[in-house]
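In the two complexes below, chain A is the common chain; its partner is chain B in one and chain C in the other.
And now, the complex of A and B:
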């Protein structure tokens, strides 16, 4: 079957993750500590006020728990493709009868599935107990949240692929990848909820893909959007996925022509 | 101390600089990237405070002043202690065996054969820039007393963090891998240290003062210079003892390191 080899790749990376238990516990702890830091800061910022601009402290906590949790799930290895370019093994990948990009996505999705079960859920439960979060507005919104989160993953994965494809030209992918992370961290609402961004900046951000990674799903979860708005937001997510996909394809095609692998 | 110690140090430092700056554009880009990555926290504080005005009574400049001490000390620290930060790698790939065979002190070699200059330039640059800008804004009077205080406190802050790295490096001899411990006890605690500790839960405050004493790297020194009301809940003497804590911790960590060396077993092959 067409999908079968990709499923095998996903399964392989899922199982591969089960090997490093201690590291994994530490990473859950890291996520929780991050959430606690931000929750602590916002409790101090609210200073007893019940709400600021119509946003309650519980909404802020929920934003941090969900977006940090999703961030742990959407963990993309930016060096997957570059490392294959550096050691030349990319040449073998071209010979395989599966799409390399599809394989990358499949492996990363296996990883993401592992993270949902063994990272997102434990972190969610721990932080729900310690700082408390809102339950989803209703079951429909929960399902729409999941749908929008998957689309958000698509946006982030596409950006990462484009960064990785730059490895055909640039050696210093570390800088590019790190700068991308700076933009994503600051502008997507994981470190400062976008409600509290200056108005002009928030309006400008809507023209970029960043708010559609974590913030849209969070808003849906909190019931801040009407069905009509949800449809519109998910539509924009799809458009971004498509645009970034085109960019990735362009880089990937050009890169293949450019690629020179040192013989050995 | 052998007579050619300074000469050996100079040769090592020259070689390291050459290695790090072999590819100039790349070195510049990497240093700039570290700068921007670390500035993430600054940008977030800036936007947050733009909205909320103050955090636990600290305004934006006071908060950034607090942050600047963290970068400044890390920038200086990493020139000396990169070898300890990456000590796990040295042990695993057998590099430490080579050090043992050489006729110089082990810690001397670990310290002077590596320095992460990108981090030094990135963190240090950010630290100096922030420190200069914010120190003016929060109205610190630069009399002799404050200058001497700052110099000793920065040295103390460097030593506190150096002691943590030295302790973790010594633990490497038993455990081979301490990255997760470093993540937990150094990097995560450092994330809390960017903010006034008084805003956090009591458990975190106790951790920051008595377990991983980051509070003495930036919070208490900043309090000496700023005198915010939230200092009232801590003993006033804490503002003065950063250098003492730095030296004491470093000596303790050094003792543990010396003791642990006896148990060193090569990673083999």
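And now, the complex of A and C:
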């Protein structure tokens, strides 16, 4: 009973996506093109060398295929909450006997499930055939990769929620959302694999949530981390989820307070 | 069911009111009088600047989710439906969200969709519906969860006459089942037709709260009876009327409702003459309010 409404939101979101077939095919094409372009750039930069600083071109390609694929799955709509705040329909959401955040997450998970099956897997297969990627180190690593990817999704979703909650105070969150996208794209290893970052920057990035979104799962997939390190990294992912959740809760409560005091 | 004690918020100033369970209360007032603020305070979308609000025994602002389970709400400018889903899809989701028994839900959905007429377009996206179609669906959505309390902010805006009649019927049915209803309206005739009690809000204050009949007795007790006779006009000397006008075989009588009833007046006349036709006229609720406004706020303060 408790989970039924959220499952219904997720299902509705999943089925809703299947109605837009053209958009769906274009998304697969878009992801494949991005992977091919980035992989092409790095193949050109490698200039025939098999590895640079111990990083092979296959590792780079695998990083792109997985992180771009995950990016396609973790497609969070930064304007979901803001649009409801701005048009006033958030009022109805406040009065529903379900958690609004839970509903948002459920809808987004429905989307993500659709993206895994109809977006990530086709793009992964096409890219694997055309570019070639490393297979997972072993089945345990594959499962741990999936676990870490789910936690990475939690980190990204939490950041997106905090950005969206800014809509209670801002009349436009475009700049904030764009800033978030830039940070996520550049600092999480989707555009530039973090192996190529200067050591000091890489160490500094570890203090931010960004590497734990895409880069940690990729490292696990490639078998670059020991089981102890994996446990540690997943623990850090959980801490980030918790911290960002607290921030989101604070903003959400303050935002609600603002609406009930000032009206909206 | 709803109690406001010395509540102030925005335009509303120090209002106290109690809406008992099972009553239908119409909130009347000009634009900006504070009707929507009242509704938002009652459901917890606004917190009072001072005073206390209780709805179904809960503090609405703090216990909004619990209240939401027992509440059916409709706003004028905010749709309760997801725009990018079909009407039927929205209702399916409501069944899950409110945890309504499937059989009961199907029966209620069938009844509401057929009576309000949204069965005809239940598979259309909400965003593609006309205002009237959307409004009918939204009313259905407010009723389908079988709430204990209905808070309706100008619910008949955009509805055609047929849909309005169905809406009034639904309200009457729910009232018989013990549902409490508070709805705002500019349409005095509508409020007069549906509501057991009315609350007049003017400049942020509740100027009158009670039954319409009492309002009439206090501020507009003069009613009219129009009679047409087959034969002679009766002797009117001893009739307890305020004034009368004779025109051929027609008679217009004005009487004070506080001292004599229409039945008593008619009985006295019928003892003397044969009456062909009787028409009774009470002042329109809207006219009473306009007259009171014209007389100024001093008159209001008596209430």
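We take it that the second predicted complex is superposed on the first by the 259 of 264 C-alpha atoms of A that agree within 3 Å, B and C clash if a C-alpha of one lies under 4 Å from a C-alpha of the other, contacts with A are read in each partner's own complex, and residues count from 1 in each chain.
FYI, a contact is a pair of C-beta atoms (placed from the backbone, for glycine too) under 8 Å apart; a residue touches a chain by one contact, two chains touch by 3 or more.
Remember, predicted model here, so these are calculated numbers, not experimental data.
Asks: In the superposed model on chain A, is it clash or fit for chain B and chain C?
Replies: The answer is fit.
Asks: Between chain B (first) and chain C (second), which, if any, makes contact with A:8: first, second, both or neither?
Replies: second
Asks: Rounded to the nearest 10 degrees, how wide is the angle at the Cα centre of chain A between the Cα centres of chain B and chain C?
Replies: 90
Asks: Going by the contact rule set out at the top, does A:95 touch chain B (first), chain C (second), both, or neither?
Replies: A:95 contacts chain C only, not chain B.
Asks: In the superposed arrangement, which partner chain does A:16 touch: chain B (first), chain C (second), both, or neither?
Replies: A:16 sits against chain C, while chain B stays out of touch.
Asks: Who contacts more of chain A, chain B or chain C?
Replies: If we count touched residues of chain A for both partners, the winner is B.
Asks: For A:37, is the partner it touches chain B (first), chain C (second), both, or none of the two (neither)?
Replies: First partner only.
Asks: Looking at the overlay, does A:253 come into contact with chain B only (first), chain C only (second), both, or neither?
Replies: The answer is neither, since A:253 touches no partner chain.
Asks: Between chain B and chain C, report the minimum C-alpha distance in the superposition, expressed in whole angstrom.
Replies: Superposition on chain A places chain B and chain C at a least C-alpha distance of 12 Å.
Asks: Touching chain B in the complex: which residues of chain A?
Replies: 22-23, 26, 29-30, 33-34, 36-37, 40-41, 43-45, 47, 52, 171-172, 174-175, 178-179, 181-182, 185-186, 191-192, 196-198, 201
Asks: Chain A touches which residues of chain C in the complex?
Replies: Residues in contact with chain A: 10, 37, 40, 43-47, 61, 64-69, 71, 73, 75, 77-80, 84-85, 89, 92-93, 96-99.
Asks: Would you tell me which residues of chain A are touching chain C in their complex?
Replies: Residues 1, 4-5, 7-9, 12, 16, 87-89, 91-92, 94-99, 259-261, 263 of chain A touch chain C in their complex.
Asks: Could you please specify the touching residues of chain B with respect to chain A in the complex?
Replies: Its residues touching chain A are 26, 29-30, 32-33, 36-37, 39-40, 43-44, 47-48, 50-52, 55-56, 180, 183-184, 188, 191-192, 195, 199-201, 204.
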